[in-house]
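Every chain is named by a letter (A, B, C and D) in the order it is written, and numbering of its residues begins at 1.
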Amino acid sequence: MTLTLTKKIHKAKVYNIEKVSVSSYLIETDLGFPVDILPGQFISIYCDGLTLRRPFSVFSNSKNIIGILFKERGKGTNYIKSLRKGDFIDIAGPFGNGFDIKESKSLLVGAGIGIAPMSFLKNTLDKMNIENMLISGFLNKSEIPSCVNLDKIYTDDGSIGEKGSVLNYLGQIIQDYNPEIIYACGPSVVLKTVADIGKTFDIKTQIAMEKVMACGIGVCRGCVINIMKDGKVANATVCKDGPVFDGSEVIWL
Amino acid sequence: MTLTLTKKIHKAKVYNIEKVSVSSYLIETDLGFPVDILPGQFISIYCDGLTLRRPFSVFSNSKNIIGILFKERGKGTNYIKSLRKGDFIDIAGPFGNGFDIKESKSLLVGAGIGIAPMSFLKNTLDKMNIENMLISGFLNKSEIPSCVNLDKIYTDDGSIGEKGSVLNYLGQIIQDYNPEIIYACGPSVVLKTVADIGKTFDIKTQIAMEKVMACGIGVCRGCVINIMKDGKVANATVCKDGPVFDGSEVIWL
Amino acid sequence: MAVITDILNTDLNGLILKNPIMTASGTYGYNSEYEDFIDVSNLGAIVTKAISLRPRAGNKNIRITETKAGMINSIGLENVGIDKFLTDKLTVLKSKNINFIVNIAGSTIDEYIELSKICETRKIKAIELNVSCPNVKSGCLEFGTDENSLYELVNSVRQEYKGFLIVKLTPNVTSVEKIGLAAQKAGADAVSAINTLKGSSIKLNLINGKFQKTTISGGYSGYGIKPVAIGAVLRLSKVLNIPIIGIGGIETLEDILEFFAAGANAVQIGTANFTHPDIAEKLVLELKEYIIKNGFKDINELKKELRA
Amino acid sequence: MAVITDILNTDLNGLILKNPIMTASGTYGYNSEYEDFIDVSNLGAIVTKAISLRPRAGNKNIRITETKAGMINSIGLENVGIDKFLTDKLTVLKSKNINFIVNIAGSTIDEYIELSKICETRKIKAIELNVSCPNVKSGCLEFGTDENSLYELVNSVRQEYKGFLIVKLTPNVTSVEKIGLAAQKAGADAVSAINTLKGSSIKLNLINGKFQKTTISGGYSGYGIKPVAIGAVLRLSKVLNIPIIGIGGIETLEDILEFFAAGANAVQIGTANFTHPDIAEKLVLELKEYIIKNGFKDINELKKELRA
C-alpha cells in the first residue's frame, strides 16, 4: 500500500552510499514517503552544474528508500559518488514503463551495470512466487556488486563463474532452463542477441534500452528509437514508451 | 633576503583561514618558499570553474606565508571562503607595481576592505621606522577585521570611533597631522577625494585603483584607465602600470 | 479578454498573458506533460513543439548531446502533424485553462499558409513561426536567414491569420536586425529571439588506436548561448517597435531581469526545463516575490525601471 | 627552414611550426609577457594582439565582463601601432626564438595594404588578417561579413605580401563557408576560425528602487562558444582545401582533439590563457605525452586517425 508521488521531482536525502564493487556504488535515498515503482522504471538525477539530468534504473525500493546501483563514468556519476549521507539529492521520477511482469517461468539476463534493474526484477518475481533465474556477465570478479544475488555468473576472464561472455552460453541455458519469457538489460549487443535468440526460440523477450536523454518524459524527442508497430516502422521514446520494449519490436540500426 | 618566484603561478596550500569580521575572511597560503612582495601588489586566484581569476591585494607576507584579507561578494569569494586548511589554492602573482614607499611622514587612508593593502603598508613603514598614521572608515563596528591595527576609526553609524565617513574628517586630519604623503585604498569615491584633497593641500598622493581584470599582466587591455602623462591623456593598465597611481595623474570619468 | 488583476499580468500589444514567463517550443511538448511537476496553468503560456502539416519522423541517429555550457539537439522537427494536434492535444489544452501558442513549421510558403489557415479556422489565439527550417525552394537556406524570403513568408501568413503572430528569429545570421525589421514590416505582432545557435560536438573514444566518433551537428541551446541572445534582444530593441520575447539560456530570475533590461517584454524558458522540470513555475513565483519585496507596483513598473 | 624532428612538428602547407598549439590574438600580448609563467618558445607560435597602422586608444568604459561560460570583451583594438611594434617588440621576439604571427587590422583596404607591405619588407613570416573590424567605407559592416568585400581585401593583401597569409573568420555571419571560400579564392594560405561571437551582458544592481546597469556589448569568448567553433570548422573543412586553424573555447587536450577531428590542422588558445596563464605550454606537453602513450607515430598520424 504505497502512495504515488504527485509531483515527480523531489529533494531526497542520502540515506546511505557505499562502494559495492571496484567500479560501482549503491546509493540509497530517502524521499520521506513511499512511492510505487516497477522494476525497469528509472529516476533521473540532477548532477551539480550539468545541463542534462542523468537517468538510472531503480535498483531497490522499500518503504521510503529508493536505491540506485551505478557505475562511475564521467562528471555526473562522479558527482553522485561524491555525495555523503545526509546530503540532499535532486531526483525526478519514476519515469518509463517498467517491465510488464508475466506469471511465467522467467530467465533474467544482466550484463555489467545492467544488473541493476534485473536484480530489482528478480526480487519482485521472488516475492510474487514466479519461478526465475538471474544470470549475468561481468568483466571479472571484482566488477560484481556485492549487493546483488545472482543465480549464475559469467566473467570474461573466468575469475569467477563460467569463463567468457554470457552470450556464448545463452542458447544452451535456454534449452536447459526452458524459460517462457526472457528479460534483459545491458549493452546493446546483449539486448540485440537476446532479442534475436528470442525470435529463434519463439520466446517472448523484454529488453531495457538505453539512450541519452534530455527531458525524460517524452517531450523533447531526443531518445527516439525505431520500432515495428502494426507492421509499420514507428518512432518510440526510450524514456516514456520504454525503456522496456518487446524485443521482437525493436529495429536495430 | 627572500627569493623571487620565477614562474609566477603556484599551487599553494591553505595554511589558515578564518572569519575576521562579519563579512570578511583572512586566508593564509603557504607557497613553500618565500617571495618578495611590495605593499599594494596583488595576487590573482583561480576560483573553481570561473573564467576570470580574482585579484586580491596582499595583506601580509612573512616567510612562506602570503595572507589575503577578503570580503565575500559573489561566486569567487564564496569559493575561496569554502577552502579549508590543507586545501590547494591556485595563486598567480605577485602582480602590479605596489606603493612607491617614501621616507616621509605618511597618512594612510583605508575604507572598507581597502584596509587590506594599507595594513600591509603600515606594517612595512613601521619596520622601516617611517612615521605614519593609518585611518580607516567602515560601515560599522562589526565590519572591522580583527587582524588589523588602526590608528583611527570612523564608522557610518558611530558604533565605534568617530561617526560618519572618513572623508568628512580628511581635511581636518591633514591639517592636524601634516603628512608629506598620503596613501589610499578603497572605493573610487574615497580615492578621488584623496586625490583632490592632495592637489588642494599640495601633498603627494598614491592611490590603489580597482578594475575588473582578465589577464592581470597588461596583455588583454581590459583594465585600462586614463591618466595624464607628459601633459597628454594616455592609457594605463591597472594590473601592470598600477594598481598604484599618483593621485594627481588619474583622470576620473 | 481577461481583466488585468495580477501584478504579473502582461499585455504584449494585445496578447494578454497571466505573466511574462512562457516555455519554449520543443522543450515542453504539446500539451500538459509537465503537470507531473507543476501546475502548468500558472505559466504565462506554453509554446508547442513545432507542428507541421503532416507528421514528421525527425532525424535518424543521435539527437542530443550535452556540452559544457548547454546541449546540442538535432531532433529534426519530429512531430505529430497538425491534424493529430487538433484532435488529440488542442481540446485538452483548452479544457485546462492553459495559455498556449502554436509553433508552426513548413518547408514551403504554401505549407505555412495552409497551417495558418487551419489555426485561423480553429481560433488558435497565437502562433509562432519557426523560420529556422530549410526553405525547400531555395535549397538549403533557411527562411529566417534571408530578409526577402522572410518578408514574403510572414506577409503571406499575415493575410490568412488574424490572431497574434509571432516570428521566431534565428541568431545564425549576419544581421538579426534586418531580419527582425522584415518580420515587423510584413505584419508580425511580435518577434521571439533567439532560436538555437548552429553548433557541433564530436565526442571521441579511443579504442585500440582507433577513434570512435560521435558527431552531432544541430542547435546549440542552454546557458552558453545567453550572451548571444541578450545581444540580439538589445540590438532588436533599438530598431523594432513590436514586442520582443527573449529566449536563450534562461535559468534564473536574474537572467529574466537581464532580458527585460535588454528590451524583452516577455521570455521563454527552454533547455532549463530539462534540467529542472519545475523551473518555469518557480520563476513565476520568484518574479512575483521579487516585485513585491522590492516595492514595485507591478511587472510593468519593474520593466520600466529595468529599461531606464 | 627547420628540419622536422619532433613528433609535434606541424607543417601548415609551408608554415612550419614546432607544434600545432598557438596562442590567440589579443590574449597573449605582442611579445613574451607570458615568460613569467612558461617558456614561450615551447609554443607552436604566438599570435600578436591586432596591430593597426597607427596606435589606437581603444574603447572607453567597461571593457571586460565575465559570463557564466566565458567572457565578453570590447577592448576596441587598443594597440601600439605597427611602428612601435617593429621597434620595441619585433627585435625581442626575433632574439628569443619565439615563433610569432602578426595579427593586423585596418579600417580600409588601403590600411591593410600598407600594413602588409610593411610586413613584407620586414620579412614577417606569417600574418593573420583580423577582418572583424568595421569597414569604414561600407559603414558599420565588417569586412569579414561580406564575401565580396573580403575577397577584395584578401586579394589586395595577397598582391603585396608573399609570406604566409592567414584570414581569421568571424562566426557572426549567415554562411561561414561562403566567407571561407572567398578567402581561399583570394589567395589565403590558411584560415583561422573563429573570432569572438557577438554578445552582450547586462549586470544589474538594485539600489533604492533604481537599477544600476553595467552593459557591455562586444566579443564573446571562452568555453561557451566551443560548439559554434567546432561547427564552423566542421563545415569549413568540407569546402576548403587550405589548412584551418581552430579557435574557440579550448581549455583541455580533449578540446584540441575535438578540433582536429572536426578538421583543424592547428589550434589557438585564447581566453583560457587568462584563467590558467601556463595552459598553452601544458597542453603542448600533454599532447606530446598523449601521442607517445597511445602509440601514434606523430601528430600527423594522430590527426589522420582523428579524421578517419
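Some notes on this structure:
In this section, contacts are C-beta pairs under 8 Å (C-beta built on N, C-alpha and C of every residue); 3 or more make two chains touch, one makes a residue touch a chain.
A quick note: this is a predicted structure, and the numbers were derived from the prediction, not measured.
Chains touching both chain B and chain C: D. When you average the Cα atoms of each chain and compare centres, the chain farthest from chain A turns out to be B. If you average the CA atoms of chain A and of chain B, the two centres end up 58 Å from each other. One simple way to say how far apart two chains are is to compare their mean CA positions; for chain A and chain C this gives 35 Å. Centre-to-centre, using mean CA coordinates, chain A is 47 Å away from chain D.
Contacts with at least two other chains are made by no residue of chain B.
Among all residues of chain D, those that touch two or more other chains are 67, 69-70, 223.
Contact topology of the protein chains: linear, an open path with no closing contact. The full set of touching chain pairs reads A-C, B-D, C-D. Considering their complex, residues 7-9, 46, 50-53, 90, 92, 212-224, 235, 253 of chain A touch chain C. Listing the residues of chain D that touch chain C in their complex gives 67-70, 72, 145-146, 172-174, 197-202, 204, 206, 209-211, 213, 215, 217, 220, 223-228, 230-231, 234, 249, 254, 257-258, 261-262, 294-296, 305-306, 308. Considering their complex, residues 26-29, 33-34, 36-38, 49, 57-58, 60-67, 69-71, 73, 75, 78, 222-223, 271, 273-278 of chain C touch chain A.
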